[in-house]
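A, B, C and D are the chain letters, set down in written order, and residue numbers restart from 1 in every chain.
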Amino acid sequence: MKPIKQIDIKKGMKVDDLVKEMSSSGVFGAGRIARAADIFEEIIEDKECKVFFGLAGAMVPGGMKNIVIDMLKNNYIHVFVTTGANLTHDLVEALGHNHFQGSANVDDGKLHKEKIDRIYDGYMEDKVYITLEKFFDAVIDEFPRRKMNIKEFLWEIGKHINSKNSILRICYEKKIPIFCPGIADSGIGMMIWGNLAKGKKIAVDAFADLKEIVDITWTTKKRAIFYVGGGVPKNYIQQAMQFSDKQDGANYGIQITTDRPEYGGSSGAELREGISWGKMNENGKFVDVYCDATIALPLIYAAVKDRLKWF
Amino acid sequence: MKPIKQIDIKKGMKVDDLVKEMSSSGVFGAGRIARAADIFEEIIEDKECKVFFGLAGAMVPGGMKNIVIDMLKNNYIHVFVTTGANLTHDLVEALGHNHFQGSANVDDGKLHKEKIDRIYDGYMEDKVYITLEKFFDAVIDEFPRRKMNIKEFLWEIGKHINSKNSILRICYEKKIPIFCPGIADSGIGMMIWGNLAKGKKIAVDAFADLKEIVDITWTTKKRAIFYVGGGVPKNYIQQAMQFSDKQDGANYGIQITTDRPEYGGSSGAELREGISWGKMNENGKFVDVYCDATIALPLIYAAVKDRLKWF
Amino acid sequence: MKPIKQIDIKKGMKVDDLVKEMSSSGVFGAGRIARAADIFEEIIEDKECKVFFGLAGAMVPGGMKNIVIDMLKNNYIHVFVTTGANLTHDLVEALGHNHFQGSANVDDGKLHKEKIDRIYDGYMEDKVYITLEKFFDAVIDEFPRRKMNIKEFLWEIGKHINSKNSILRICYEKKIPIFCPGIADSGIGMMIWGNLAKGKKIAVDAFADLKEIVDITWTTKKRAIFYVGGGVPKNYIQQAMQFSDKQDGANYGIQITTDRPEYGGSSGAELREGISWGKMNENGKFVDVYCDATIALPLIYAAVKDRLKWF
Amino acid sequence: MKPIKQIDIKKGMKVDDLVKEMSSSGVFGAGRIARAADIFEEIIEDKECKVFFGLAGAMVPGGMKNIVIDMLKNNYIHVFVTTGANLTHDLVEALGHNHFQGSANVDDGKLHKEKIDRIYDGYMEDKVYITLEKFFDAVIDEFPRRKMNIKEFLWEIGKHINSKNSILRICYEKKIPIFCPGIADSGIGMMIWGNLAKGKKIAVDAFADLKEIVDITWTTKKRAIFYVGGGVPKNYIQQAMQFSDKQDGANYGIQITTDRPEYGGSSGAELREGISWGKMNENGKFVDVYCDATIALPLIYAAVKDRLKWF
């Protein structure tokens, strides 16, 4: 049996030093953070492995955008699945707006009068929707006049973004498949509704992306899943894993969640459960991290970034 | 100030007696259950009000199907939004399969070999997918040869279901709008992928339902939102509420969730937050119930059902 | 495999009918409520079994007092362990005060000026401390002039309570052992501090109760543990279980908690973990219920009360 | 309004660089970590302020011992309140044993046969109790033959510990008041029970420490509260704060918890609630951090340690 070494904190220690201390203690949440860093390092070093990254929760307003962009730029993400809300917030920032630091102990009626939309203790000015409208007014006629899948539709948006610091833009530039089955459920969705109402022809198929994600899963030697939050992004990748080469499922897995298994939902399900479905390989390396992602993701990512020699 | 009356338990008491005791105590979780029952009763009695019901989580395997069906049959739900998974599980049962009582303390590798898919402590035989395939093989050619929205597509499935005890069937029969923006993320989605691969023509638009849900919201005098879990179903209804008549938002709100606000995600957001966005009316009556939905929903529903004289 | 029967709600159904429906579904939180009811029924019917009941959390302000009193009166609890806070709140009510229904969305500075102490959405008038002082001033000289254990000290308080509707009073009258290792951490503790400061002689030993709880555990044929919340009450009973006859541990176990295992603390630990320590019998019947206790306890108790024929 | 700056991760970044990035984002969990670091830095720099530190949860097996010792050595903690379990685990390590890295997915019956006690995914050999017995056998006769308060009793244990790396030892050496109202609820408690059974005279008063903690609170110009977990340690400090100079309550507050407010218990209560009671100063600086303490505490502590110039 390996002893639990008590964590030592030293002045000026680097994030990876701290995570290595967590590895030496090895238990509870600290142990999980450390295992996630180890597994993510191994994923990156495994050149046969493609990373399927699912991002749910208000992670762009939550300050996680640049980490995702850094991962995309460095080819640590090969298939990106997220919510319409995160893409809308990404577009909002790409078009020049900020999200703001606010408070949850606030009179929401007052915020409403001031046209401030609250996202827990983050704020967004409601006027961003005017900017979004202008953007789509300006570019919608340049969208292809044929049926697209959602990935193509999102790349098309990315193509018209000038900012270099955008998830949508990077995915477009690097041709990283970006899937968002619930895209209608978002500000972007509402913009398309508005344009359809104006008689614009935008044809996006609800099912057509499935072929792409299944094809990638099927033809990839090894697969890693990395979930920040649950929801549709996690579940969509999970179902694709059932169609992996030799039905092997994912070879690596990291999940950061604040949900719990006992309520039965997909978001809280342990990665282990995926073994029964063939979504996770029985011999895979995986860990569930039970922590606010705005704490856990930067911690894990900073540790791993420090370890990569060729970085 | 109103005293907290200690809850008294009596032999043979009815569910509504218990919920009324909870109302007299009025605090913590018990108080929230009681307020939810009061608000739901008021919603049902308010004939000008339409109920937008969002259902996330594995609620069909979780035993909640018949409650949802009962609500649909009794016109307590006017707009139904859910996940692809719940509709797939509904279809699985409609085609003659059961879900099973299992255990989470189990060797998932062994389950995989036995072709049992685990949903926390519920099980599903993997062979249900063969049944789903046969069903779609038999009916897919009868689907309309035109572009559908997701609602029409789901009604079409409902039309071909023989079982009377099915959410999809009831929604079809009663022409209750059923929205599922993330439908591709489900077993039903995978069936359509399979049929597209075989060259079948199924055209379902990703955005077309938005017009319907916005139109309903816009033309309804009063609106109630009722969320079991968060995810896309909650968020999709929330965004529709912004387009309500006079931009009033929802007049009533009930949310049953096990998530929490501090992590910033939509699933854990208090209904109060919606006021800032114009999704919830500042003068609306609403309550957040923090409880496993398989406990809270039956409790609330049984209490309210008992109160309705004309029922 | 046993199918998951969908829960049916009927007009006028009794609480036990509902819990039996939950038993037929058998999964997630509903399944756990049902198993807890079944186990508690079996505990009560097992005449060789003594029940060790641990009560943590603000359960008296939370409306659970009368359920506890009913259990004590009916001999469903043989050893009672709780926090100093619950006993203080019990005494406050026994001396004629109420707790009140309030709100958590409130200006706490304003409450402070109004001399209202907040317990989430419950309120207590700060003047209850004056009543407590008067009570102890009136009775303290009648307390025995010898070293007491905490149980004797608490019975002594109970002896001087006139109200029949008090946990402290019932435990005194029925000579039910009441343990509260953390008694100093409470309003009652502060009253004793005040009297010690005034020169009164009250001598209560910190360790002396251990002999009593260990003796009871050691000499009891079968043991049931029932935890509402965790903290000291749970842990204190758990450690006593290690000293049970033949080192068998508890034969039955019910735990209602909102904590979770992964953070490593005792409050969130699964009852199963106790097997490794010899606190829980490997062949025991036990269940962890993950739910707000103000919802779960009344539900379970009402169901079981209905089942007892001789009640 | 201050923009939410997206968090940037750089190769080789120090922990404090990361926490400063979290400060720039400012929202959700990351924002709370950053505010806790800022407040803790300010606490340390405020020479008029005494720090009341409450430690609950299995934090010694969880790898947090050395951080606590470092804080004690550096005079960052002036009043230390914890559980009997943490002190027992501290003593176990001081007497030469380790805790071990294990697994929660394990057969607890098998562990029981192997005499391994499980603490979630940490293990402890049951034979530590033999070592504890030997220790007390060797030293108990040297304990004072007079009534002690719990603090004196714990210092007495510390006096007999040879290891320098022990919480109990450091508190004894530095005469840091260490309070543990629930000491009977622990392995140390059981050892005293054993010695009392053997006829040894150990007299420890349950209430006598209250005078000390109240006196310290009363005579201190400014007060900081720092809670790792809730339970008795938090509540005991909270009640002492009511007796602060000018009834000002705490001037600073940091709470790391995984509990939540809505269930009404003290462990999950927001620090803000303390304002109504006079436990927290209305103008105080405070933050609630919702995170596994084994992640949050090392992160905050490493950041602050880096900031202190004179350290």
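Rule of thumb we're sticking to: a residue touches a chain if its C-beta (ideal position, glycine included) is under 8 Å from a C-beta of that chain, and two chains touch if they have at least 3 such contacts.
What you see is a predicted model; the values in this text were computed from it and never measured.
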Shared interface partners, meaning chains that touch subunit B and subunit C: A, D
Relative to subunit D, chain with the most remote C-alpha centre: B
Averaged-CA centre spacing for the pair subunit C and subunit A, given as whole angstrom: 43
Intercentroid distance (Cα basis), subunit B paired with subunit A, Å: 25
Interchain centroid distance [CA atoms averaged], subunit A/subunit D, Å: 36
Per-residue overlap in subunit A, given as positions that touch at least 2 other chains: 27-29, 58, 61-62, 119-122, 260, 262-264, 272, 290, 292-294
Parts of subunit D lying in touch with subunit A, wherever the complex brings them together: 1-15, 17-18, 21-22, 24-31, 33, 58, 61-67, 70, 93, 98-102, 105, 120-123, 272, 290-296, 298-299, 301-302, 305-306, 308, 311
Residues on subunit B engaged by subunit A in the complex (per definition of touch): 56-58, 61-62, 83, 85, 104, 108-109, 111-112, 116-122, 126, 147, 150, 181-187, 189-190, 192-193, 196-197, 202-211, 214, 229, 231-232, 235-236, 239, 258-267, 269, 272-278, 282, 292-294
Subunit A contact footprint on subunit C (complex, rising order): 27-29, 32, 260, 262-264, 290
